[in-house]
Amino acid sequence: MTKTTLKGLALGLTLPVLLAGTALSQDYDYGSFPDTTLRVKLIGGAQYEPLYAEIPKWEEMTGAKVEVLSRKNHFELDREIKQDIAAGTLDWCVGSNHTSFAPQYGNIYIDLNGVVDEAVLAKFDALALENSTVNGRLVQLPRHSDVSNLYYKKSLYEDQANKDAFKAEYGYDLAPPETFDQFKDQAMFFADAPTFYGTQYVGKDEAITGRFYEMLVANGGALFDEDWNPTFNSEAGVRTVNWFKDLYDANAVPAGVLNYLWDDTGLGFASGTVALNLDWAGWAAFFNDPANSKVAGDVGIVRAPKGVGGKRAGWAGSHTFSITETCDNTDAAVSFITFLTDHDRQMIEARKGLLPTRTQVWKDVKAEFEAEGNDFQAEVVDTYSLSMSEDAFTPPLIEPWIEVSNEIWPRLQAAILGEKTPQEALDEAAAEARLIMEDAGYIN
Amino acid sequence: MNASLRKRLVAIATWIATFLLMMIICLPGLWVVLTGFRPNREVLSKPAIWIPEQFNLNNFAKIFGFGAEQVAIPVPAYFTNSLVIALTSTAIALIIGMSGGYAFARFRFPFKNSIFLGLMLSRTVPGIALSLPVFMIWSRLGLIDTKMGMIIVYTALNIPFTIWLIDGFFRQVPKEMSEAAQVDGCTRWQAFWRVEFPLAKSGIASAGIFAFLTSWNEYALASQLTRSTDSKTLPVGLMDFTAQFTIDWAGMSAMAVIIIIPALILTFLVQKHLIAGLTFGGVKG
Amino acid sequence: MARTPRSSYKTRLALTPYLLLAPAFLVLIFVIALPLVFSLYTSFTGYRLVRPDSLWNWVGLRNYERIFTDWDFWVAFGRTILFLAIALNLEFIFGLGIALLINRITWGQRTLRTIMMFPMMFSPILVGYQFKFIFNDNIGVLNNALQSLGISDAATPWLVDRNLAMFSIIFAEVWMSTSVFAILLLAGLFAMPRDPIEAAKVDGCSPLQVFRHITLPFLMPFAFIAMTIRSLDVARAYDIVDVMTGGGPAGRTELLWTLIARVGYDNSRMGQANAMAYVSIILSVAFTYYFFTKLVAARRYMGGAA
């Protein structure tokens, strides 16, 4: 271990001279674990698989075997891990994790500070590491991050008739929105239900809670005060809910939007029937691929809009890897997750449009896109790297986050549908959230 | 002559009408099957593309790991698991169900109706209340992620149903027939196999196909109790097409076709035995 | 000497039914009863999934008190009853219609019956996705069809509108399960003796009268078997509803099962979820008991067996 650290440190010093990345993966000593079988649980899904195709390389280097116990989507993996905690069957070493889920799991995962090479950690984006920390413990190593930015259909903004009509109606020049108010104006302007919609949002589960949360912050509000009292039933909260409600009432979003999740919004924008779409980086390549998308070649991207508080929306999270406390070979596990998040591995994911967590990878992948003449993807990298470093913030890293979210989103829906006024809905949700926080011991 | 011709025309018209009705009923399902052969872009498009521009096996190639784009789902493993689990649990449930159904149809004993009701009520427990405790017991016994674990669970799910159905069919076989056989020197066991079993065969066949389909399609418990290719079944494999932000609906539909076809073939084959067994209604009259 | 074998034969005879039932009991105790005892216990604790030691945190009736004062729970409870009642009745009526129709067919029936059972080949989870995409308001096949046919040019929000959302999940459930009724009722029709019908026709009964007074009473036990089995099994609808709407929007399609799953797994409050599950079991027991007594009565009416 000491040897590795020294080597890593030496490497860290020489790195600027070397061509970054390629050298790193070859020179880092992943150790040798000939008789080890590492039992792992990984998040599954098409965009995550290319990384797992690299696992045999690590097996070859170290002589260890990797046994993938399960490969499921995150919500199912979450259930499975909770069952493992309940039944005491944490008989595996490495698990996929997520910054939003991690606080729920208590102390089942080890603190990676002092375990993972410091020189390796230094290569990571500081904010990503900070967001991976729960109660001072680095319980996960970030693999890639998520944050949303605004995609728009370029041709709509270049059309002279649109420009004139918009200026006449709203009194300012038509350009991709800088604020949520402009976002709303333009969505309403472009909407022509049921054939064309101004925008769309995810309408249920933690997804809409997250959108509400980031806009609340952008509008100058907060979910909780310093003592964990719920404060989202504020004026900023009502303003945020009204943004969703106004778009819904004006038919600027599809009427079924309250049942939409990420696949619906992504496919909707790709179908060419939506003007603006606040969405994740992973979709960029999809949107610009003629085989999948009717808006290919017509996609523009700008940073997520600002709220009235002057702050940009930046709800972010990271996909991560964690090591269990019960792991029987921590060294092998550390070597494994270090490998999966090293420069070359992150390049593989970054080429597919996922947001890397190592600062160098941002630069290298952008250079690669530019060399290929893929200006759109280069611009996407620019936009997302800017919002990752300046705008990104996570939901409160507290154990009952999902539970609080489950109290908020049905009431947001009720307010959007007009069953309750925004104030009533938020007051109710805040009262329920307070109970949960009391139960969880955050409020005395 | 005229009357018989008219009768035939009516019969043909009835057949066509029934066939069309069946097709309409099946439409939502047929749509899934067709989707399996088309790319996502065409299926989920607006405006709709009604006449397929592309109709090919790309989705299947993807699943089995051929071609440019691969999803590489371990279908053979899932398929074997599903087949082993569904067939074994069906066989066991039928044996237990026959013995239990026979007891209810042919014997008088105290608390008979209460016991029967109790058996049925065991099925009212929602899977969600069952999943965690079963998981915890199974993990103590090392049955998590094993085919054996799933077989036991599915056997339990199917027992009330098979007992019930088989009981009903045994009731329809006149008791006198077995008694006559016993008078002729057969033991009760022989009388069962030679007289009652053949007559109740159609009941057993339909209980069997019900049990098989339940096990073949069950998702909720399998998703909790299976984890790897050691025991994951086809319906659980469907979820391999969902990720955090995306659903590959065309891929999922292709997988659905792979799930549906064996079940459909088996159902079609069993229909024959149903028809053979159905004459017993006449026997009774 | 002569007495002993006879009495042992008698004891054996008395024991036989229990012996025959023993395997069934063994499996059910192991898979259902034991886990149920465990959930019953946890329903009196503040058990949280992610805190194993909270299993010993006895809270008495607090979970139940919370439920009884929880309006959302009772709304879901009522909605579940409504869902069951509508779905089961529709499935019976459609199933009967299909069975009667197919019963008339003499040629190619095997194929038709296989087609009839087609929806039974679909896993509930698949049915959920299928109807989620069919009922999607923007790119869904149903709205596309309505618009192409010029019937409606609106993007009807099938999964969001208060009534349509319930309609949609009931539609999916009925689509999946009508076959079960149809095949059981068809089996009943085949088992039916022809003589009483012929006799009734000779006596001048109209086809409707024959159906009303002979066919239907004979079919009722089969109908109640189907009803009971479906009401036992209807919790399978959880998979469908969870995928299609997740109980939303704003709880408009929240059924007991989606509520329990969310409280138990997403919120990790297993103790409270199990208390809810127990209340919901009472509902299932009531439905099952109702159909069962009907079944027994119908059998008696038929002059049925032992």
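Here the chain labels run A, B and C in written order, and each chain numbers its own residues starting at 1.
Criterion: a residue touches a chain if its C-beta (ideal position, glycine included) is under 8 Å from a C-beta of that chain, and two chains touch if they have at least 3 such contacts.
Worth saying up front: this structure is predicted, and the values here are computed from it rather than measured.
J.: So which chain is the furthest away from chain C, centre to centre on CA atoms?
T.: Taking each chain's C-alpha mean as its centre, the farthest from chain C is A.
J.: So which has more C-beta pairs touching, A-B or A-C?
T.: Higher C-beta contact count between the two pairs: A-C.
J.: Just give me the whole-number Å value for how far the CA centre of chain B lies from that of chain C.
T.: The answer is 15 Å.
J.: Per the centroid of Cα atoms for each chain, what is the distance between chain A and chain B, given in Å?
T.: 41
J.: Got the chain B residues that touch at least 2 other chains?
T.: Residues 44-46, 132, 136, 239, 247 of chain B touch two or more partner chains.
J.: In chain C, which residues are in touch with two or more of the other chains?
T.: 49, 136, 138-139, 147, 270
J.: At least two other chains touched by the same residue of chain A: list those residues.
T.: 79, 83, 86, 88, 267, 271, 273
J.: In their complex, what parts of chain B are in touch with chain C?
T.: Interface residues on the chain B side: 11, 14-15, 17-19, 21-23, 25-26, 28-29, 31-32, 44-48, 50, 95-97, 99-100, 102-109, 112-113, 115, 117, 119-130, 132-134, 136-137, 152-153, 155-157, 159-161, 163-165, 168, 171-172, 175, 202-203, 206, 210, 213-214, 216-220, 234-235, 238-239, 247, 249, 252, 256, 259-260, 263-264, 267-268, 271-272, 274-275, 278, 280-282, 284-285.
J.: Provide the residue numbers of chain A that touch chain C in the complex, in ascending order.
T.: Interface residues on the chain A side: 79, 82-83, 85-86, 88, 104-106, 193-194, 197, 203-205, 254-259, 264, 267-268, 271, 273, 399, 402-403, 406, 409-411, 413-414, 416-417, 419.
J.: Which part of chain A faces chain B closely enough to touch in the complex?
T.: On the chain A side, the touching residues are 43-49, 68-74, 76, 79-80, 83, 86-89, 262-263, 266-267, 270-273, 280, 282-283, 291-294.
J.: In the complex formed with chain A, which residues of chain C make contact?
T.: Against chain A, chain C makes touches at 49-52, 136-139, 143, 147, 153-161, 244-246, 248-251, 262, 265-270.
J.: Once bound in the complex, which stretches of chain B touch chain A?
T.: So the residues of chain B touching chain A come out as 40-41, 44-46, 71-72, 132, 135-136, 139-140, 144-145, 223-224, 227-228, 239-240, 242-248.
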